[in-house]
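Common to both upcoming complexes is chain A, partnered first by chain B, then by chain C.
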Partner chain A sequence: MRFSAKFVKSWAYISMAVTVLVIVFLFAYVFFMGSGAISLAFITEMPRGAVLGSEGGIWPAIAGSLWFTGTALILGGIPALATAVCLVFYCKDKRIYNFIRSVIQSIAGIPSIALGLFSYSLLVRTMGIGRCVLAGGIALAIMIFPFIEVRIEKALNEIPRALILSSYALGISHSYTVTKLVLRAIRGELVSGLILGACFAMGATAPIIFTGGVAYAAPPDSVMQPAMALPLHLYLLLAQGTTMPQVYGTAFVLMIIVLVSNTVATVYARREKHTWK
Partner chain B sequence: MRNAKNLLFSSFIYALTALMVFVLVFVIFFIVREALPLFREVPLSDFLLGQRWMPIGYVGNPAYGIGNFILGTLLVSAVAMLFSVIVGVGTALYLACVASDRQRSLLYPFIDLLAGIPSVVYGFIGLVIIVKFFLKLGHPSGVSVLAAAILLSVMILPFLVSSISDTLRKLYMAHLPSSNALGVEPWHATAHVILPLAGKSILLSSILAISRAMGETMAVMMVMGNANLFPTLLGKGETIASLIALEMGTAEVGSTHYHALFAAGLILMLLLLIINTAINAIQKKVLG
Partner chain C sequence: MEMILSLRGVTASYDSIAAVKNLSLDIPRNRITAIIGPSGCGKSTLLQCMNRMLEEEPGATVSGEILLAGKEIQRIPKEDLRRRVGLVFQTPAPFPFSIYKNMTYAPKYYGLKDGESMRLLVEEKLKMAGLYDEVKDDLGKSAYKLSGGQQQRLCIARALTVNPDVLLLDEPCSALDVKSTSIIEDLLPELKRNCTIVLVTHNIAQAKRLADRVAFLYNGELIEYNDKSAFFDTPQETLTRDFLGGARG
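Moving on to the complex of A and B:
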């Protein structure tokens, strides 16, 4: 084997090993350091202590994160599905298609902090709804919209045209074809896209830092209240710099959520995947 | 009845799509509108090239120059991309040329885990591992552009790997039979045929990765030091995204400071937009 071939071969093997080691290290480190802080009380109690969060648990942050994520998923996920269906099955005009595509791409390119900025100025300040789950959720929804839309559109485009045309040829309506045939066929990708989108929203701090995330609040009862969120809680605890076990514990919970939701999304998408012949 | 249902469904789809497109266009319009008042007070060239950022004039006149922040954003993203490409191309080579189908089906979602980790967790690990390590090596504060770049390189790795390995896999499948027929050793073919052919698209993917890195806020903010300095690898620096995240909470609505932060956000958006559009156009031209 010539030197160049040997070099490329070792480059491939070493890089792969480095990548795997980095991933294993990130999870193992957080799990190892965080496991000490994890207890039932840590998950279910309110944060307490002279320096807030140095004692007690993170329950309101978990609940708040669920509220933010749920709001974002409803406000971002459903339009994402509708837009993808519209672009693939309803939009006949190439120019409108290209316009919508480029708008979505521009939004995907906006840094998440700018979306937070938008929601803060418009909803929190100008419209005066104050910091609340809704304002944060809207920023998150705009953030995850392109993420989910692109995945669904890709799945829709993989369905063979013949299948859909056969359905039309049988006199079956557009709406029946889409809801009963198309959405069934892509449900693996649909659900996994939504789960990964939710995971993306849940881990984001920048869009909610001014819009709805706060340092301390009870679990919210409605979307009009501010709430805590796991990533923001982690950031604020770290900024205080006094309570390392709780920081590791919060990171532990976040990493577990990432691991579980990614695994569920992948396994479900695989199981439900249609292979078109 | 059936027609009514059909009509209801399609109008629902159209309405939601129209609403969302309207919202998205409005977001862009809104950011532009809030940014523009700044340029009545500060000339564009002063804003882009100025090195002084003194939004509140404690001493002397206020100044709004984001030159250092722009350079900081570009430097940290470019260095992160360099690190990431070294490992990313190698990993993509492994996935395209070595891994079995079964290995690939496990490794892809495994690498995608990196994309799922929240950026504050990255920032946190960066603080307790990378910054500590720099301190041990004798760096005065540990926080630096280099530390942020190392962290960012891990964050953009999954995007690089997935786009590069797609390209490499296609080329590998296309050229392997002929190279085998000629009796060329597969790694030799990879080194002399496939990598050179993939060169252009690897370059394009890397530039796209830079644009991914530029929008990152929290993780970079936590390890880069956040000081308005001309960015150097071992010195502190600040990115546009961190600037907004750090100062938005203290800027009075409607003040010049507030408009300046929006203008900074607009500049970041435009930078990303220019890079992405240019790359997409080149990709269409070069790769067909």
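Moving on to the complex of A and C:
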């Protein structure tokens, strides 16, 4: 083997090893530091203490994160699915296709804090809906929309055209083909795209700082109420600097939720994925 | 002899390049009509004109007149036409479901709900396609676990579930081994009792074995169309003789 080939191969292996080690160390460190703070009370109780969060638990932050994520998933996931289906099956004009693709790529490039600012100025201030889960959820939805759309569009494009034409050749309509054949065929990638999008939303802080995330609130009853969120709670605890076990505990819970969701998404997608013939 | 499909001056083009040129042809009911010719001569394009599948190809256009049982196909809703004129592609394309779900996919769309009727329909069509005995004990198995020949027969059976008047077969055996080809060839004469078959093939021997009438296409033009015996025994055109003799193709 030539020297350059050996160099590239070694470089690739070393890079891979460093990446894996850094990730494993990151998880292990947070899990090690945070596991001490974890208890049933930490998961199920409201935060308390002279410095908020120094005692009690993080239940409102867990519930709030689920509310923000669920709202974002509904508001971002459904349009992402519709856009992907529209681009792949209904958009015949290449110029319109390219325009929509450019818009999606542009959205993907918007900094998340700018999305938060947009939602704050339009929804919270101008439209006057106030800081609430809905305003934060919309900012998160815009953020995860391209993330989900790209994954679904890729899965749709991988379906063999012969399969779709075989359905049309039976006299089946385009809409029935999409709902009963295409979406079923990509359900693994669809569900995994939605879960990964949800993980992305759950870990984001910037879009909810101004729009719906607050330092202290009871778990919300509707999307029109503000809520706590795990990443924001983590940020606020860390800023106080006096509650490090709780910081790691919160990070531990957030990472466990994201890790489990990612694992479920990956396993499900792998199980359902078709090797197209 | 009653004609089920009549083509009058049909021209099909991809991005204004003609693949089928001003072609006229009558296809008799309950017969096997083979369309033969070298690769790229427009056989598959012609087939796709007959049930308007060519409209699904970007940049493709069709002109001329095609009549199904005397009615211009452009006046028949696309979905109705395709239900009456089924198409099976060259490469087997089973849906990523079980064998049973592949078979019930179209009947469900057309409103069949009764479980027992569905079961009987699946059994009948799988028997017609010569597949039932091989899969009857495991209809819940993924269609992808079938062999290539079984998959193609499943696709034929699936096309039969909507009771088409005409079945268009686009080189259905070209991706199959000899044994699977033989099974499908045995099945086609049985199928023509219930529906008309238009078979595109580049295999002259297959056309000889199966067809009642044979059309020869060359560069998008219909060179010769005749009863099988006349076509093979006394071809009228030089191009046909050259093709059958192996000098062209």
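As a convention for this text, the second predicted complex is superposed on the first by the 267 of 277 C-alpha atoms of A that agree within 3 Å, B and C clash if a C-alpha of one lies under 4 Å from a C-alpha of the other, contacts with A are read in each partner's own complex, and residues count from 1 in each chain.
Simple rule for what comes next: a residue touches a chain if its C-beta (ideal position, glycine included) is under 8 Å from a C-beta of that chain, and two chains touch if they have at least 3 such contacts.
Bear in mind the structure is a predicted one, so any value in this text is a computation, not a measurement.
Between chain B and chain C, it is B that contacts the larger number of residues in chain A. In the overlay built on the shared chain, the residue A:Phe118 is in contact with chain B alone; chain C does not reach it.
In the superposition on chain A, A:Phe7 contacts chain B only, with no contact to chain C. Once chain A of one complex is fitted onto chain A of the other, the partner contacts of A:Lys92 are limited to chain C, with no touch recorded for chain B.
When the two structures are aligned on the shared chain, A:His274 is found in touch with chain C, with no touch to chain B.
Looking at the shared chain after the overlay, A:Ser15 reaches chain B, while chain C stays out of its contact range. Contact with chain B, but none with chain C, is seen for A:Val178 once the two complexes are overlaid on the shared chain.
Across the superposed pair, chain B and chain C both touch chain A at residues 173, 176. Chain B makes touch with chain A in their complex at residues 2-3, 5-6, 8-10, 12-14, 16-17, 19-21, 23-25, 27-28, 30-31, 34, 86-91, 93-95, 97-98, 105, 107, 109-114, 116-121, 123-125, 127, 129, 154, 157, 161, 185, 187-188, 190-192, 195, 211, 214-218, 222, 241, 244-245, 248-249, 253, 261-262, 265, 268-269, 272-273, 276, 280. Those residues of chain A whose C-beta lies close enough to touch chain B in the complex are 1-2, 4-9, 11-16, 18-20, 22-23, 26-27, 29-30, 78-80, 82-83, 85-87, 90, 100, 103-107, 109-118, 120-122, 125, 142, 145, 173-176, 178-179, 196, 199-200, 202-206, 209-210, 230-232, 234-235, 238, 247, 251, 254-255, 258-259, 261-263, 266, 270. Here chain C touches chain A in the complex through residues 51, 53, 56, 58, 78-84, 86-89, 91, 93, 95-97, 105-106, 109, 144, 155, 158-159, 161-162, going by the rule given at the top.
The part of chain A that touches chain C in the complex is made up of residues 92, 160, 162-163, 165-173, 176, 180-181, 184-185, 274, 277.
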